[in-house]
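What follows is a set of structures for review.
Both complexes shown next keep chain A, but they swap its partner, so chain B is in the first and chain C is in the second.
Our next item is the complex of A and B:
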């Protein structure tokens, strides 16, 4: 199974708005997810300048799907969602 | 327990950004719309309802403007008026941590509770051993009367079923010096006389009920509404606080209006030099040990809470002191703003005539966002003075002792010990060293576990920040090899 790509925006606004708290995924992801995800810190993905505004940050992309006002909770839920979908497709 | 990632500290950053935004937009004219914008109708409230959320947001914004909830004398006073007053004040308010009483959830008064695991046994050691007769049997089970309980923990020790649990009050548990206590209504209050401004309560409160008076508006005002020259003194912990090259952060600070930026790591080099000389002198005079003095929370803790340790604390001044001294000598008319990870530095600055204002990394982060500055797009700028590898290593636990050790090598015996985090236990340990002596002769004390990179004013994850600091240290030259 290909790893799920988690891209955490590390532009100034997203970083101040709470991206570091999601970066904890790099060090202490839930045990069952740790080897299924690849977490990268990326430069500003421009979601804030495309009309949404930085108040909707931090932005995180999980396999290309954008999460606004991202929190650890939301990101982990999205990852679990994708894993469940993939497993369903296999059956 | 400090909670590294949670909604409460995320909210603090957001509020700071909103306040900066509001300053730029209309000098706080529409600031009263912010709590409503953040908790609009139909929004899932964090507490009982959006109206309470909004009321608490107002107090948070007041703190960001430099006013504690306790300073509210007229409940009808609007945020825009607080903002305008903040812009008019000549001197910033004294630094202070305070509790938003309506946000404090008044965590359980009795710290012990009997769970369903209680079998109402015949022996009843809990009832018998309770020194305050606070335990009685209700519906066949032990019950603790919270009005009588003194939280001694005897019942927990003696219960054969482990049916008693301890429910901590997070702020009280985190405060190393017992400066935060409940009033008769269960709401917490901070005793300013004995508070060491470490900020552990603020980091640990799960309700985000603790706020701190910010000097953010004062600095914004100086930059934009006066022609004074404002200079930022950047603490070495800044490396790793933003995911960019340090020189770009310097560039970003200039872009938001600081006239100049100096590196406090250069002041750290003076601290290392003086502290090394002091250490050699003290050891030759036969002192048992010496402790560092650059952590202001620890320095104050020693003064107020561990007086027997005072003679062992180094008299050398902090990197902030030397940096500000140099700066004011070169530019006597400038306004100096220390930018760091630390809340206790605000208290230290009150006693230092060369330091005018103190901001945290979180606050300058909010300034970048509110001003629409993307650090990654900023022109890199250089520091005027180059710091050594040792000076750069100050923000990591072990860094200060390491810098002193580097300079005393070969002169006297050097046996360092790290006190990594000023907990209640470590305060006891330091008391023991002061009265009974210590095996090691150089004790480095850092109030925040991990060092300054884990300070309450930080943005980045301590682990990630530490890596970036290590890289920056590796790029520096050994202090011994510098001129």
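Our next item is the complex of A and C:
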């Protein structure tokens, strides 16, 4: 199974809205997810300036899907969701 | 100033252990229009507050007189007359050493009653020609004047007698550390670290002097100033996208052809350089800090950081001191700035709308304002040579 790509915006606005708390995913991901995800910090992906609103950050992309006002819980839930879907497809 | 020589000044002081303030005073100043640097060290009579007043007054007066090119004997007389008289010793007195140096190398050192200065050239002591002058009214006070042309890599070291007499009273050093002892340390340091900075050398001298003292406690005020002539270390700091997008390529070329170290502060700015110079940029995870965005690695660029938060933190550290225990993007940038002599700021003036959103949980300064604060403190407190260009 290919690793799920998690991209965390490291732009200034996302940073002050709480991106560092999500960066912890890289160092302390839940055990069952640790080897299934690849976390990268990226510079501003421009979601804020392209209509979503600057205060809707932090923005995180999980396999290309944008999560607004992301939190650790939201991101983990999205990852679990994708894993569940993939497993369903396999069956 | 000039592309040729740069004069670095570094100093270090330790006050007498039983006092709470310095009895010696050090004052340095750059006169950019004359390409000249003056540094004054004075040792006030006694120690503590009284000595501090005497030495501070002396450094201020000496600085004013020397920078105005007034006659030295007359200046020294005025200084001696102006100092308050000690209640106990019934004299007014403070020593001084003055280095007056130009970037062309023309150098004068004036000394009154401080230990003789060291001039270091090619790892050896250089003894420049000198003459003595004294005033009619103060025949017992002799001023030594050294005059010479300094070369690249020369160093001048002036100090208070707290350095040469360190250890006095300690049975191990009945006569104190003495001039020969100080020279041995200087020689050892410059041979081992030929490019040791002025500040590091001054610190090494004062630290070593303290080890000579009984229980490591200073028995007198210990002060040292090092002046180091060398090639300037240059840094180009690029921050912010240009107001006009057409200038993107221009700033990218600026960084590409710069003959010194380079730093980029700002995500969008890094994106521009990445695109224009076809470089690849990656996050540097070794700089993780929950309060400061991580730095990035871009080939050929010495440091790439986020913009406004990092710059704000850098400004705080320049004011309050660098957090030595941390290794994040801001501490790296602050150290890079302090390790440079000549810093060229190129500041893009495009406003980042994202930062002006009142819904953000903290107030973000406008880049131009924070950069202004940074370069002012670099100029005034750290005597850096700064140019700023807004694009």
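Side notes on the structure shown:
Assume the second predicted complex is superposed on the first by the 91 of 91 C-alpha atoms of A that agree within 3 Å, B and C clash if a C-alpha of one lies under 4 Å from a C-alpha of the other, contacts with A are read in each partner's own complex, and residues count from 1 in each chain.
Just so it is clear, a residue touches a chain if its C-beta (ideal position, glycine included) is under 8 Å from a C-beta of that chain, and two chains touch if they have at least 3 such contacts.
As the structure is a computational prediction, the values presented were derived from the model and not from experiment.
Residue contacts after overlaying the shared chain place A:77 against neither chain B nor chain C.
In the superposed model, A:41 lies in contact with both chain B and chain C.
Of the two partner chains, chain B and chain C are each touched by A:17. Common to the chain B and chain C interfaces on chain A are residues 10-13, 15-17, 20-21, 23, 26-27, 41, 43-44, 54-55. The residues of chain A lying in touch with chain B in their complex are 10-13, 15-18, 20-24, 26-27, 41, 43-44, 54-55, 71-72.
Chain B contributes residues 4-7, 9-10, 13-14, 17, 242-244, 252, 362, 365-366, 368-369, 373-376, 459-461, 463-464 to its touches with chain A in the complex.
Across the complex, chain C is touched by residues 10-13, 15-17, 20-21, 23, 26-27, 40-44, 48-49, 53-55 of chain A.
Residues 267-268, 270-271, 281, 283, 285, 288, 290-291, 293-294, 296, 306-309, 352-355, 357, 359-362, 364 of chain C touch chain A in their complex.
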